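A, B, C and D are the chain letters, set down in written order, and residue numbers restart from 1 in every chain.
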Amino acid sequence: MRYYAQIDGQMLEMDIEGEGDDLKVVLDGETLVASLRLVSPPSLYSLILDNQSHEVFVENRNGEYVVMIAGELCHAKVQDERAKRLAAVTPKGHANEGEVVIRAPMPGLVISLDVSPGDVVEKGKGLLVLEAMKMQNELRAPQAGTIKSVNVQQGERVENGRVLLVLT
Amino acid sequence: MLKKVLVANRGEIAVRVLRACEELGIATVAVYSDADRNSMHVRYADEAYNIGSAPARQSYLRGDRIIDIARRAGAEAIHPCYGFLAENAEFRNACDDAGLIFIGPSAQTIRAMGDKLVARRTMRDAGIPVVPGSYDSIKDEDHALTVAEEIGYPVVIKAAAGGGGKGMRVIKSKDEVAGALRGAAAEARSAFGDDTLYMEKMLEGIRHIEVQLLADRFGNVIYLGERECSIQRRHQKLIEESPSTAVDAEMRRKMGELAVTAAKAVGYESAGTIEFLVDKNKNFYFLEMNTRLQVEHSVTELVTGVDIVIEQLRMAAGRKLRYRQEDVKINGWAIECRITSEDPYNNFMPSVGKIVSLSEPSGPGVRVDSGVFEGFEVTLYYDPLIAKLIIWGETRAQAILRMRRALNEYKIIGIRTSIPFHLRMLETARFITGKIDTTFLDRINVLANDGPSTRTKLAAIAAALVAYRSRHDLIAKSLADGSAGPNMWKFNARREVLRPR
Amino acid sequence: MLKKVLVANRGEIAVRVLRACEELGIATVAVYSDADRNSMHVRYADEAYNIGSAPARQSYLRGDRIIDIARRAGAEAIHPCYGFLAENAEFRNACDDAGLIFIGPSAQTIRAMGDKLVARRTMRDAGIPVVPGSYDSIKDEDHALTVAEEIGYPVVIKAAAGGGGKGMRVIKSKDEVAGALRGAAAEARSAFGDDTLYMEKMLEGIRHIEVQLLADRFGNVIYLGERECSIQRRHQKLIEESPSTAVDAEMRRKMGELAVTAAKAVGYESAGTIEFLVDKNKNFYFLEMNTRLQVEHSVTELVTGVDIVIEQLRMAAGRKLRYRQEDVKINGWAIECRITSEDPYNNFMPSVGKIVSLSEPSGPGVRVDSGVFEGFEVTLYYDPLIAKLIIWGETRAQAILRMRRALNEYKIIGIRTSIPFHLRMLETARFITGKIDTTFLDRINVLANDGPSTRTKLAAIAAALVAYRSRHDLIAKSLADGSAGPNMWKFNARREVLRPR
Amino acid sequence: MRYYAQIDGQMLEMDIEGEGDDLKVVLDGETLVASLRLVSPPSLYSLILDNQSHEVFVENRNGEYVVMIAGELCHAKVQDERAKRLAAVTPKGHANEGEVVIRAPMPGLVISLDVSPGDVVEKGKGLLVLEAMKMQNELRAPQAGTIKSVNVQQGERVENGRVLLVLT
């Protein structure tokens, strides 16, 4: 089965087959022998790839894989050929396309609010400061865009997951 | 020796002190909030008493309840550890009134060192070099302008009641004075209920180096070498080591002797720490004194062989200091990485949740001081410090290599932690060569992704293999079940659509 | 330094050696059987190669495959650890032939010390006191009777190829000679394929004390103090400590110097151990030499500060011994408890199964050298030693208290282990006062139940509370479900019958 | 609810009531306050009894509780009053009453067989030796009695749980 992994702006194509501890990965014309074991559920795997031993954390968030190796974090989008063909024939939802919803990553107090609706922000721009656990934490723009709405006020106490801002 | 001690704290430090008591044959009493019923300190102690609901103000800060329990349980002494009531002079007085031994210095000492301005004056008078700046509180904007002019920009405004970077502002030029003053005063008022401010020269390229002290009630004071604590993020220490790459034997002796003089000037008793700022020319200046056990005391223990908590307990029981200055030798190198429940890849955002899987490193030269276990629920009620990984090595290089292998062994699943930060940090050339100062983390993003590497390819393969495996398992399971189940139906239906024509 | 090392072993000792390599920056290669795919040593190494099926004869004892993999992987050296191929002279020769460094002594030394009779002669000739007995093999019953008469009953018959108590019989009077000879010969033949026997005087009230040696290829040999290993069950050591309560500085020097003489007599290289028997009058006799790293090497590391595995690796790379005898100082006290998958409450029966929950002790002075993790499946294929708990204390008393707290912290659920044995052992007055010899466990049942105690009452309450809780949960669950479920129906039906009339 | 715990030849009666962390145990006229938490499933509990903190392993094997406290092992038979009344009215099975079946506690090789059917044995008498994991392990009589049957032969390889002997 062919797999497509989009990672760090690269697209890697590979063919995977086999079972158990005898998996074969063909990538760039090279065949690698792999053994993958889930050693600590839910996310710690032991991967032996051509006799190189690695410990890898892999979390699947709806096809978006979060991979941590020796402290290095990568995000990989993985599709097999069926899913890819399926995606090609499925009409894309265009409602709210490109909208990014910024939610509270934890319960806390909104200490300051540094943007208003209509503001154009760069990636990394500080949006608001949330206080929790005796610490002030700045939330930054995950991408460049325009502030569509601001859904909280300064001094407000917010629950975990509460929508704070929407960026388009 | 003491017969029974109440440990008025939680988490890793409560466990650490309980262990020391147990190793001395001292009976122990733990106190706990509703959120901590299952915690390690509750299970490790001989006795355990609930002292209120989860918020610290209703439990760990309730000195009255703690003293009441110490009496009921028949404890002779209270160990406050760090945080909560450790630097609370009123609590110390209340212990005295209740006939309980408070393991720490006198109320007078706590108070004198707690007010950073009083501390500055006391140290100046004792002949200790102090960071250049004001010795009186800043009255108003005019006063601030005058003082800043005198010491020279950039300067820092700080809260006299302060700590942890609160009520603090850096001022680069005179235009910024008014705004900074207002901001710092407001922050200090809200954080400490006291808006007394003072000013210090902003030193550049400095290191934060501190000296560990032990003092008994007979006036004997010794220093146990220094700790390098320059790796900080927003005034929170992340990595500490002992000795420091910036300190040689002569400088160690000088700093140590000054620290002893400082301690004697305030009639110090128990374990304490003098924090210095050290500039590029190796000049050092008194910054503040912590009148309690520090988080990072353990690196000193590993290089000196002195168990600081055991010595605290012995001295609290009225014993004389067992070590003379000449008995203290620095052997090898120790590094500590603070393991916090914060996500380094998301701006160190606190992470909450249940630790679903935990595997701690061990083996030669590895010490873990932890307060958590598998099944532990990390909440937002308390400090994010969940454990400390402390490594001893014959040399700094060996300590770094050993720390890396231990960090690689440390597996915590269920919450995000600082472990990836430490792993990446210990790979940076600047850290490895010891070229660090307090602005290290402002200047260098150790987590930066430098674009596709060999690890990127490995990550892609790992992700694809997990995808392959889970699809495989799903099909195998569906076939084994006989009833293909809803997912299988969907899969088949789609397959139909997608069949190549 | 070496660039890449293959570790030809599994379990705790493979992990321990892999850690040492990683801390020296040496790349590592692991080998594993089918049963060990998930094991820690496989995950810790840089490279890992499958070498066959679960039984050791088809994997870890396959020297040919191991050498083949070392070549393929480009390893320069092989560390055999203990057990498997560690004392196999043919394997050492095969390594030499393949141009690989075997981390251990020469094939000749391994062979000379592997034959206990040759070893006895060699040591006698080197002027080392040897346990009184025969220096030639016992030919027949008449010969045995003559020798026994000479040295005096009781005597022990042993296999020259022996070890671990196999092919061994105690003879108290001449009537027993014939039977013992037949039994020992049969056992030796079946265990070692060699029925050569010899005879030793049966010493009484003896301790088993051994001396750790380090030797480089330049003829430098040092001793690292002694280890007390008298706590044994069927010749399997359970608890070791260093130093020994039976040895003073003068005796340590004498034993150490004799051990160095013995090592030099056989041109020893790498780490090795001379085992002595020590009688009540502190006379000591050569028993045997182990030409490899020992399980209990770690207690020596904690009191001397010398990392024995790191020194082995350095010396294998051709470096000179870094320590002179006068550099070696004994500091404090170390104790090791072997954690085995055996049920002490069921005659130390091996216990198999999955470790469903694991929590290891840590904190000051605690070292765990382990080969298992949560989720690990303990099988019958390999040795039951799953981990070692090693404690350092300033004094023996502190080490015992610390060991007790660490054992209390050590939680393994899913299999039975030796932890309860150690906990009870460390409570016995005889162990605490150091009054031990090799017959300790034959004479004292440390697990004996002395009838109802306060713990009995506590156990009864705990059991009743668990019963109460589970009934409560069951009812709550049934009520919450709405559908009372089969258990609930049964319960209701029975209730009807039982209703008081 | 009243509970009966039979332990070390003693019978302890206690009344238990309450919920959550506020359980009450009345034993010998004394009331103890208890909080019980399962901290590491399936068997490690934290028990705080009148402010004394204990860690206790408790395994339930059909009403026979195996309890380990600080290395000390106890066996407790626990019944609540309903179960006790039920047991009183249920006719006891008398088939095979008093028979003890000795099973292999692990797979292994029968090295020696030291008894024959009809032998009268003391409690603790060695019955046979099983070899596994490079070790020889002696199985002993758990109680005095007569050997009813011997179901294996010397040199035989046995599976875990295999019936080796029956003692009456």
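The rule we apply is simple: contacts are C-beta pairs under 8 Å (C-beta built on N, C-alpha and C of every residue); 3 or more make two chains touch, one makes a residue touch a chain.
Note that this is a predicted model, so its numbers are computed, not measured.
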| request: With subunit B excluded and the rest untouched, write the groups of chains still joined, or say one piece. | output: one piece
| remark: More Cb-Cb contact pairs, comparing B-D against C-D, go to C-D
| Rounded to the nearest whole Å, what is the centre-to-centre distance of subunit B and subunit D, using the mean of the C-alpha atoms as each centre? | 48
| query | Once you find the CA centre of subunit A and the CA centre of subunit D, what distance in Å lies between them? | reply | 52
| said: Counting only Cα atoms for the centres, state how far subunit C is from subunit D in Å. | reply: 30
| Distance between the centres, which are taken as Cα means, of subunit C and subunit B, whole angstrom | 39
| Contacts with two or more other chains, residues of subunit B listed in rising order | 44, 357, 359, 373-374
| Going by the touch rule set out above, which residues of subunit A reach two or more other chains? | 40-41, 55
| message | Quick check of your reading of the touch definition: is the inter-chain graph here a line, ring, star, complete or other? | response | other
| query | Which pairs of chains touch each other? | reply | A-B, A-C, B-C, B-D, C-D
| subunit A partner contacts - residues on subunit B that touch it in the complex | 164, 234, 236, 345-352, 356-357, 359, 380, 382-384, 407-408, 411, 413, 419-424, 427, 447, 449, 451-453, 455-472, 494-495, 497-498
| remark: subunit A contacts subunit B in the complex at 1, 3, 5, 7-10, 12, 14, 16, 19, 23, 25, 27, 32, 34, 36, 40-45, 47, 49, 54-58, 60, 63, 65, 67-74, 76, 78, 80, 82, 85-86, 89, 105-108, 132-135, 137-140, 160
| Residues of subunit B touching subunit D in their complex? | 30, 37-38, 42-50, 73, 373-375
| request: Mind listing the subunit B positions that touch subunit C in their complex? | output: 15-16, 19-20, 22-25, 44, 298, 301, 305, 307, 331, 357, 359-360, 362-364, 366-370, 373-374, 393-394, 398, 401-402, 404-405, 409
| Inside the complex, what are the residues of subunit A that reach subunit C? | 21, 35, 37, 39-41, 46, 48, 51-53, 55
